[in-house]
Amino acid sequence: MNTFGQIFRLTTFGESHGPGVGGVVDGMPAGIAVDAAFLQAELDRRRPGQSKLTTARAEADRVEILSGLFEGRTTGQPIGFLVRNENQHSADYDNLRDVFRPSHADYTYQMKYGIRDHRGGGRSSARETISRVVGGALAKTALAQLGISISAYTSQVGPLRLEGAYTDYDLSLTETNPVRCPDPEMAVRMAELIAEVKSAGDTIGGVITGVVAGCPVGLGSPAFGKLHARLGAAMLSINAVKGFEYGAGFDGVAARGSEQNDIFDEGFRLRTNRSGGVQGGISNGADIYFRVAFKPVATLLREQPTVDIDGRRATVHARGRHDPCVLPRAVPVVEAMAAMTVLDEYLLNRTVHL
Amino acid sequence: MNTFGQIFRLTTFGESHGPGVGGVVDGMPAGIAVDAAFLQAELDRRRPGQSKLTTARAEADRVEILSGLFEGRTTGQPIGFLVRNENQHSADYDNLRDVFRPSHADYTYQMKYGIRDHRGGGRSSARETISRVVGGALAKTALAQLGISISAYTSQVGPLRLEGAYTDYDLSLTETNPVRCPDPEMAVRMAELIAEVKSAGDTIGGVITGVVAGCPVGLGSPAFGKLHARLGAAMLSINAVKGFEYGAGFDGVAARGSEQNDIFDEGFRLRTNRSGGVQGGISNGADIYFRVAFKPVATLLREQPTVDIDGRRATVHARGRHDPCVLPRAVPVVEAMAAMTVLDEYLLNRTVHL
Amino acid sequence: MNTFGQIFRLTTFGESHGPGVGGVVDGMPAGIAVDAAFLQAELDRRRPGQSKLTTARAEADRVEILSGLFEGRTTGQPIGFLVRNENQHSADYDNLRDVFRPSHADYTYQMKYGIRDHRGGGRSSARETISRVVGGALAKTALAQLGISISAYTSQVGPLRLEGAYTDYDLSLTETNPVRCPDPEMAVRMAELIAEVKSAGDTIGGVITGVVAGCPVGLGSPAFGKLHARLGAAMLSINAVKGFEYGAGFDGVAARGSEQNDIFDEGFRLRTNRSGGVQGGISNGADIYFRVAFKPVATLLREQPTVDIDGRRATVHARGRHDPCVLPRAVPVVEAMAAMTVLDEYLLNRTVHL
Amino acid sequence: MNTFGQIFRLTTFGESHGPGVGGVVDGMPAGIAVDAAFLQAELDRRRPGQSKLTTARAEADRVEILSGLFEGRTTGQPIGFLVRNENQHSADYDNLRDVFRPSHADYTYQMKYGIRDHRGGGRSSARETISRVVGGALAKTALAQLGISISAYTSQVGPLRLEGAYTDYDLSLTETNPVRCPDPEMAVRMAELIAEVKSAGDTIGGVITGVVAGCPVGLGSPAFGKLHARLGAAMLSINAVKGFEYGAGFDGVAARGSEQNDIFDEGFRLRTNRSGGVQGGISNGADIYFRVAFKPVATLLREQPTVDIDGRRATVHARGRHDPCVLPRAVPVVEAMAAMTVLDEYLLNRTVHL
């Protein structure tokens, strides 16, 4: 299933070492001016090689829009797009043809499909998220007209964790450092940790916090279409994600109802926002905030024991160019998935009344 | 969106105080013997009034199968079913017609739809999960033939938390106590806490752990159809759920890749299972385990400040009959959602090869 | 696949001789007053035993609404409904358990599913269309608020064919005769033909013409969601339908473009409507009209040669109670499918602009 | 809605005068060898400029596969593809920017979306069918392994109609003439008619007959997923199609049941095939055959009266390069849509049993 969404739908394709990655956005509202520079800027935030913290694989990741625009505006027709792969070092992966890397998709793809493109992880490569960032940039463009903004930031790297709520930070600082952490001091410490981990040929995980501001009341629906269920599915579909929580999340379970409930004040103002902007699966107008857990990248630049395609003992030692920590580059991906989810629900909400 | 699944699809309907709740299961494989007693037993695990820990609302919750069976076996045709509502005390809710309960769906439903059935929460009532349990019982029946079993248990109530992994407990003990906790001693303490909270007119949350055993390699797919993304969406769609994690989850983010990776031994055996049975979005044959966070129930049997339908200050004091803690009754709902997700992916996996 | 539609979605269940037939309508817009008498009146138009031309099976076909209404108005929640089966003579079908009726679904169901409910055709019975009529009545209720009306009539029975276009008849006369033909003289001849065919233990087919009036410009979409493709799929899903055409249809292929094109006059008025109200897959504001071909019912009240479940020669002689001609009772079904299609597209069209 | 299918899904994009047309095939079974030459050959059958009967627009229509293949075999991952537009004469369409061509999509697109790419019809151009032919070629490749073959031919041009059934012709002759008619004599007459119409600056319609041979019993499903309803929707989604019928179709309605029924002989052999290979919506193993009506192309190489974007009188005179008759080039498109439908249903049928 390579399609995401119901009305605003992104379909993606592409492998790491094939001709390119791309996709089709269907259901983009008509008549919206698209800024090609903004699309590229979003891709640049995800681009490898943007800082010393990321993989050295240097790709321009230039997006070509193939359809759906006329004189700079969306026509309501599907928007095809393509980002060519460049700078592939496929030979770096020759040793992986018959070996399964630990905690990777190698084994499961091979068993499920009976065939896999082993080069650079093939379809399981994080290059697939390029298409999500393009879709997300289009969604953000539409949401901006509605006054809805999406932001995300690195709130934890390994054990280094921002203890405050998102409201405690100046999120405009997120893009001022390569970690994408809005606390500049913490950003320095996180960067140091990532550098240390990298030099050890190891990797590290973390948490990204996302915030949707300006969301109107009424997005999402009862039962299976709860807004937070959609957001959760969106986030859990990103490579390396292991958990999702919104509002008070896991920590809130220990509290009592009398401590957790968000009390309404006159005019429907909420005294608190432990609900995370969603009640009964439907947005209540408050900020939507959530946390996404990323495991440490499975690819290590050191030798690991494993097995080959016949189940016999082997060792694997990744060469290639890999991120020691995906968090910084995953921030725009989290934003993209949130943007597409919210726009899709906004459009669905248009169908509730005649 | 009241439909769940792609091949095995459950569509649900019904409000708390209307004629009944029910649904349609489409895509159930043909030729499977259905045990009506098992369906009813699953509903009985979810039924109110089953112990002192739950709401006193006493309903038999008898399910009537309306179609799709012939001489006790499934025909491949849609299975309609209905559970009549009984023992409604709609008058208990008269005071809620024009008042919005804190942290409930009252406000968001009213704003979204311009109309709502306020009695017993209407569509937002947890009675909607009856339909899920019926769907889940059918899915479990099919999965049993494949050797796949689903179980869940209460692993945390408020601050009382089982510290061990699911493998540390004898899950056959789960149903021996009303909390549905496989550690009998902890179950007693949890029951005491719930009783204490109840007597204070308050509520409390917790965590349910779910386990899928016997799952073959190959369920789930790359990109947006990752098995854990489907499971996460399923769990997050259950009332009161605030978070989902699988495998090492949020705790695993602090570790390094060299500590987290699951190493293969000869014959594809895994030394560890931090991945939680899913790699690259596809089941790897190991147990799938996950944790689901439930907030404390929003309905308190005490007075709370709030606003009315015009945004003016008001107070609300729930009468009705409500659970102080939903965890014990949510265990079969978690199992049901997992069962439907896994069966759906099993069937989808049949389409990967000619 | 027992679900129809994308936003306004009908899911149906039920067999001829099971407890009942019914369904769930999801995506019905909120706040719409529903007239129970109108729903029942639509069902009465489809009901068996309404005239001498139809089957003698006398069923009240009373619909019970199970959810989704509050104080007579739709709440935006799914509308479950049920029509109990009555007056079944299952014993009439005992002889069909192991025999396949010619040109029926008996053989294909048995081969596909390995099991079937042979009584009264089971799921393949035209009783399934009861659920469509209920869904259609709800859709018509919404469309009426938009000034969109749907009508259909019998335009051909066997060789007896109305030669005029729909604009040549007073469609308010359709319901004045049991054939549902707006030409009273032709209606008499058609009724005589049906009576003659019936007395011979035979059956006869025909054509129903449908008209959507008041449809705004803009419903439907390019590529696979063309409005007429949706209508065609809707009609072809009705039992016994063998063909669909709209506008000039099959007859128009022999003309030249210069004869076929609909010329615009000032103010976008069309001089002609050979396009049938749809251009490029999108409604153009003119009446949408189409024709639906129904084969003669396969069930004959006379002996036919056939085979049994093992492929050995047998004979079959339907007892039961069957229609010699389905056209009169299929008219409301055609209307229902058109109404649901148009409402679904109306709602989808709400998502094209922000 | 630019996606077709449920398991095997084609999503298309592209306009006539944009960078190119293309799409994504998702759900293609894994491990199937793909012959690039066959894909190109199928496109060549649809290519403009292939004979004097078609438009002179000469495009190579070279397809580039962007993903989903590894060492020549499908991997189960989405197959992205792109055909660059070449040889566009966009200036030919400058006069159409503010004028609506009669019986075209110009008016409806403009009204629905508020914007349109007027060059060469934009998204409504038949160039969109390139993507269908690519998807169809992939589907045919899979079906060939199953022994299922799809063929289509021109059975009527204007009033010139093959009176025989498909079994009366040697379909291997279809590709021996530019009209794609299996009766060589009739092909000559049809070609003469098309030439005559072309020289008059006019256009003409016709009928294409399609045949699916080797289809196993069991494809399709009851209710809304009837195999012929899927086929009908597929055909009606092709540009210029006005009608669809299968088996005895419209002509069969005048017959009696006793004349129409297909009688089974020993071993489930059918004496006749008036059902067209489908009973109760499910394939019965006999050939599936159907007819598709195409209207005359709306674009005339002569002056026509019309209105401009403000509804004022205007005239339009197409320059560009256009087909006088789409039938010959639509034959591979009909085949492609049938192939994708049948493969999708084949895969769905894999999910009916555990």
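Going by the order they are written in, the chains are A, B, C and D; count residues from 1 in each one.
As a convention for this text, a residue touches a chain if its C-beta (ideal position, glycine included) is under 8 Å from a C-beta of that chain, and two chains touch if they have at least 3 such contacts.
It should be emphasised that the depicted structure is a prediction, and the values quoted were computed from it without experimental measurement.
Q: Which chain pair is joined by more contacting C-beta pairs, B-C or A-B?
A: A-B
Q: Relative to subunit C, which chain's C-alpha centre is the most remote?
A: In terms of C-alpha centroids, the chain at the greatest distance from subunit C is A.
Q: State, to the nearest whole Å, the distance from the C-alpha centre of subunit A to the C-alpha centre of subunit B.
A: The mean C-alpha positions of subunit A and subunit B differ by 27 Å.
Q: If you average the CA atoms of subunit A and of subunit C, how many Å lie between those two points?
A: Averaging C-alpha atoms per chain gives centres 46 Å apart.
Q: Could you work out how far the Cα centre of subunit B sits from that of subunit C, in whole Å?
A: Here the centre of subunit C sits 39 Å away from the centre of subunit B.
Q: Pull out every residue in subunit B that's touching 2 or more other chains.
A: 1-3, 12, 30-31, 76-77, 112-114, 123, 222, 352-353
Q: Write out the stretch or stretches of subunit A touching subunit B in their complex.
A: For subunit A paired with subunit B, touching residues are 1-4, 6, 12, 100, 102-109, 111-114, 123-124, 128, 156, 158-159, 197, 200, 202-207, 217-218, 221-226, 228-230, 232-234, 236-237, 242-250, 252-268, 274-276, 279-284, 291, 293-300, 302, 304-307, 311-313, 349, 352-353.
Q: Under the touch definition given earlier, write down the residues of subunit B that touch subunit C in their complex.
A: 1-3, 9, 11-15, 18-24, 26, 30-31, 64-70, 73-80, 82, 112-117, 122-123
Q: Across the complex, what residues on subunit B touch subunit D?
A: The contact residues of subunit B facing subunit D are 7, 27, 29-32, 76-77, 142, 145-146, 222, 347-348, 350-354.
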